[in-house]
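Look for chain A in each of the two complexes below; its partner is chain B in the first and chain C in the second.
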Partner chain A sequence: MASQTRPRRRNLWIYAFLMPTFVLYGVYTIYPIVASYWYSFVEWNGFSAEQRFVGVSNYEAVLADPLFWSSVRITLLFMLVVAPLRIFGAFFLAILLNSPRLPFARFFRTVYFLPVVTTTAIIGVVMRFILDPGAGPVAAVVGLFGLPPVDLLGDSATALVTTALVYVWKFFGITMIYWLAALQTIPQDVYDAARVDGAGGARIFRHITLPMLLPFLLIITVLTIEDCFHAFDLMQTMTAGGPFYSTEIIEIYIYRWAFAASIPQLGFASAAAVLFGVLVLVVVALQAWATLTSQRLRSQGTEKGRA
Partner chain B sequence: MSTLATSHRPRRRGWWLVALVLAAVAFLWVFPFLWMVSASLKSSGEIFAGGLGLIPETFAWENYGRAWTEGGFGHYLLNTVIVTVVTTAIVIVRCALAGYVIGRYRFPGSRLIIGIFVATLFVPTGYTIIPIVKVSLELGLLNSLAGMILALGGASNVAAILIYAGYFRRMPADLEEAAIVDGAGFLRVFLRIMLPLSMPVTATVGILTFLATWNAFFLPLVFSSTNPDLRTVSVGMQAFVGENSTDWAAMAAAGVISILPVVVLFVFMQKYFVEGIAGAVKA
Partner chain C sequence: MLDLSRLEISRRTFVGGVGVGALAGLLAACGGSGTAPGAGAGIRWWDHFGGLQDQHKIWAAEQAKKLGLPVEYTYNEPGRAVEALQLANQSKQLPDVYSNIVGLPLPALVDSGWVSPIELSDEALARLPEGTLVEGISMLDGVVYGLPVMSDRQYWACTWYNSEIAESVGFEPPRSYDEFRTALKAIADDGRFAPLTLALGASERMRDQADDLAQSGGFPGWQGLRYDTGEYAYEDDAYVNVIELLKEISDNGWLLPGTNSFQVPDARGRWAAGSVGFAVDGPWAPGGVRALNEAHLPKMATSGQLTPEGEDLVITRGAPAPVWFVAGNTKHPDEVNLLLESFTQDDYQAVLAEAMDQPPLNLDVVADADVIEPYAWLVEDYKKRVFRAPQPQVRNPAANEALAFMMPAAPHLGDIIQGYLGGDVTDLRGELVKLSDTANQNLDQAIDKAAGAGAKVSRDDWAFTDWQRGVDYAY
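Now for the complex of A and B:
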């Protein structure tokens, strides 16, 4: 008798422990995932209860909108500027910071990481001030060289690159920590052994550090690329997608149709969101593949090391 | 011995040179923050005169008063503290509870639950804002801090649950067996033994959640769009510039007020920040 009631009571406790997550996760994650697919098939302005089923016509409308394709192009372009600078720039910095001979390495790590923890939406506004052609310090530096004032954010030719560089600066520290974590997986005795064998710094770097870091390049690249899709906070506060849609990434495109339009087009925006979700899903699938591949490469590496 | 020392010294000098270059870049790196602090203390006249000086001619502390009262940042800061503290508490409690039972027990449906968690880990969830707003509206939670908190605390924290699950799974079984022999029940084992032992995970999860919530923008923006009283600092900053686009000095003061708490937290808790982020690569 007791042996039957005890597991049942135990299971009750288990389900009680899971309850907060079930409720919150169900309402705010599972249901929205399902619902956003449903919304993408209806016409709905958000005010009225009326939702008219329209089949795939929202998708047809999104795919026929040149501004949607422009936002896809801008999102990818943004990624192409940001990702390489973050991945290779942070790699270079992490190599320097990882050296036991570098003075103040911990201090530098703190300083270069600092922008990561600050509120992106606030940094976006502060950056508008810093880049302001009238009163900002960048304009003052340009003025020192006797050049005419530049409006980096107000010109559609320079706005995207400028926001991309700010984004690199803002999140550079994350990629730096990824690389430092990767570097710390190389055991110190490997270096010591190489030094005993008479290898110099350059040879150790080329024959030990680089090959052992290669598996991490994959996973760090995918993590950084995925990160590039979440530029809404910075973009909305720096340019709000302008001028002339030149910095309108997909997240801002969705926001504009769902929340910033005088008559919200929630069905249309949901269709765009689902399409964006598919794009991100491709990257996440790449991430899963990259994680598995890099784990395999690492385990092969250690086996080879042992043999 | 002496040859070793002489060959060592120039190399060491090279590293000092590297440190010098890194220091120069580091100055540029934090320049936006230095500029913000400096501008928050300058008079409006000095700001519009332009110039690159970081030390204000006169210290205009009244900028902070304008940001705090007229800009509403006293109120926004209070909102942000409430939202961040409560959300962090919710996330820690629910992720620790769920992580504990998933990590340590087999029960009917456990495989299914883990499967759903892992599946949603791989389904992008950041684009679900429209249904979140709709469901909050129907629950009467759209125009309240409570609604904002629930939405922030209910958003996917699968990673935190899995971190807890992994940590609890690795704990030795004899710990709880001894307690059960002493007559401790399910809840007591968790509260008295397991939870105190999971402090390192709780610190990492707590600090990363605190940071993400303090800095959140999209959700608070949408939840406060019809009610300015609900603004957090990140939303308030944008609104402030929209309404007082020329008052850069008070804007900079508002920025300092908003960012200082997370910077202080980071400086003291750096270890946990770094561990939390590094975990993504090591896993």
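Now for the complex of A and C:
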């Protein structure tokens, strides 16, 4: 009897400890997701109590809006520019910073990580001053060469690339930390053995470091790509989606309809948000599928080679 | 008796207790409406008028003494004020008095319990200028639901210039497009100053200014909607001419670098710094400039609003919009009514005037108020130039039901201007035609929805075939 009571009491404690997480996750994650699915089927302005069920007409309206597709294109373009820079740039930097021969390695790691812990909205505002074509330091440097002012954020041809580069700088450090953590998993013995066998730095990198880091590439890529879909705070403070929608990522599109419209359209915005969630899911699923398929093909190739 | 010396607390018990306590605290914090700090203890007053914060704090303190009840004043930034009210309403914590920033028409606010009737005394009613309270705008079935305290007689695309630069460079205050071009060119040729800045990054503000300039350029309506036909017609020459003027200014390099992405405070701040000749801004510019750089106030001058050939300006505006609402669930209706009545007094109107924000309802108080001369001149100009516009919801209050369903059009006029100046839009008139089509379609759909819900409303309610330019419209 006592032996049955003890596991039950222990389980109770486990649930008691998990309860805050369950409650917070439910209130701040599950509930908003479920609510947004419901809102996407109603016409509601957020002010009145009345929520009129309209079926899938919000989805039809979103899919028929050229500006929605423009925001999808811009979001994907932004991700395609930003993700490789973050993943591979951070990879090479992590290799460099992991070298025991590099002096001040801790200092450089801190310096590269510092933007990550700085408030994104503050960075957006400060960057607007830095890139100000009238009085910013960039304008001063350009002026030294006798060139006319360059309005990087005010020109639709340059605004997206400029914000993308600022985004990469801001979040570069977090991807670098992922890679540094991955590098720590490679046993030092393997490197020592390779050196005893006469392998140089390049061969060690090619035949030990790279192959042993490949399994981490999938998870780091998934995390980074998913992260790249969330650039609202930086984009809103730097360009607010302008000029002329050239930096309007889906998150800003959703915000515009939900909060910036004269009469908010929460149903329409929720439909766009649900479609955005589906897009993220599809992109990550495609990417995971491609990586797993390539790994399977590679392992099949290795087995055939052995046979 | 409890022996504390024998009470043993294990680490697990302690952590578990803390966890349960935290959870209980969290649940308590998510609890009912009655736990809100200050709710019910006094009058809570929220608004979004940045230029009036100091004055309203003082006014709240004075009224609290008179009413014998605390009056807690809170300013919310315009960008956040709507969300703040949405959240307050959902948690049944609407402030007793709040400013009109919710975009819904009055009947929708009444139906949803957002507002409650305002009982004004005869004395307070007598202080309001004639035609202030209008059925469909601030009243429904003779019951007052919203109190206007600011004048409808104003225009927003005022040509503000730096009088020191004007004297130094030697240009005349412009009234026509050509005079404006000449002045800007003179500043550009002089080379010491930037000719003009605008809030081009704030496309909604650009939309408002272009709407006003198009009206003063002869467009027989406002915000793209023709009064005579009730149809949207953004492709009208008056709109095209205004936008082409802005394009010419931009292409000539007469805009301060960075103007393309300036928000309102950016543009106003650069102009207030003193090295830009012109800024297009509303009558509230002096109040805004004072907050940024008071030393610039004496240099401020205005020539009113541009017309294509410098002809007399004619502007039309609807009935005064409600500024103050009373929450539907206020616990202090009598005291709140007294607070609202205080807004009709001349001393409050003088406070509004001296803030040099939007002109007060009683324009006459401006002449005796402590304001800069250009502000006083503008207000005098408003008295002569601004006429009462026809409004469908005044002729037929049921039109409000349709307006509540109206989807905004995107890209709107301000976006199109931004795109055309930046080179993203090449066929201006074609884009304006598309905007008109979308707006007409959205209005038709809104009317259909309202009619489907039982409202007696039709597109005819938007057409005022007897409207005459330069005459106050009477129904």
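One rule holds in what follows: the second predicted complex is superposed on the first by the 255 of 307 C-alpha atoms of A that agree within 3 Å, B and C clash if a C-alpha of one lies under 4 Å from a C-alpha of the other, contacts with A are read in each partner's own complex, and residues count from 1 in each chain.
Criterion: contacts are C-beta pairs under 8 Å (C-beta built on N, C-alpha and C of every residue); 3 or more make two chains touch, one makes a residue touch a chain.
Quick caveat, the model's predicted, so the values are computed rather than measured.
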Exercise for the section: Could you tell me if A:G134 is touching chain B, chain C, both of them or neither one (first, second, both, neither)? Expected result: both
Exercise for the section: Have a look at where A:P20 lands relative to chain B and chain C in the superposition and call it first, second, both or neither. Expected result: both
Practice task
Pick one for A:F53: touches chain B only (first), chain C only (second), both, or neither.
Solution key: neither
Exercise for the section: For A:A269, decide between first (touching chain B), second (touching chain C), both and neither. Expected result: first
Fill in the blank from the handout: Of the two partners chain B and chain C, more of chain A gets touched by chain B
Exercise for the section: Classify the contacts of A:V284 with the two partner chains as first (chain B alone), second (chain C alone), both, or neither. Expected result: first
Practice task
Could you say whether A:F205 touches chain B, chain C, both of them, or neither, answering first, second, both or neither?
Solution key: neither
Exercise for the section: Based on the superposed arrangement, let me know which partner A:A261 touches: chain B (first), chain C (second), both, or neither? Expected result: second
Problem - chain B versus chain C as contact partner of A:V111, first or second or both or neither - result: first
Completion exercise
In chain A, both chain B and chain C touch residues 13, 17, 20, 24, 27, 46, 128, 132, 134-135, 139, 259
Exercise for the section: Mind listing the chain A positions that touch chain C in their complex? Expected result: 13, 16-17, 19-20, 23-24, 27, 45-50, 65, 67, 128, 132-135, 139, 149, 151, 153-156, 239-240, 242-246, 256, 259, 261-265, 268
Exercise for the section: State the interface residues of chain B toward chain A in the complex, per the touch definition above. Expected result: 11-12, 15-16, 18-19, 22-23, 26, 29-33, 35-36, 39, 47-48, 50-52, 90, 93-95, 97-98, 100-102, 105, 107-108, 113, 116, 120, 122-132, 134-135, 150-151, 153-156, 161, 186-187, 190, 211, 214-215, 217-218, 221-222, 225, 233-235, 237-238, 241, 248, 251-252, 255, 258-259, 262-263, 265-267, 270, 273-274, 277-278, 280-283
Fill in the blank from the handout: Residue positions on chain A within touch of chain B in the complex are 9-11, 13-15, 17-18, 20-21, 24-25, 27-33, 35-36, 39, 46, 96, 99, 101-104, 108, 110-115, 117-130, 132, 134-137, 139-141, 143-144, 169, 174, 177-178, 180-182, 185, 216, 219-220, 223, 230, 232-233, 236-237, 251, 254-255, 258-259, 266, 269-270, 273-274, 276-277, 280-281, 284-285, 288, 291
Handout entry: Sites on chain C touched by chain A in the complex
Key = 12, 15-16, 19-20, 22-23, 26-27, 30, 82-83, 86, 89, 102-104, 108-109, 111-114, 194, 200-201, 203, 256-261, 263, 270, 404, 406-408, 410-411, 415, 418-419, 422-425
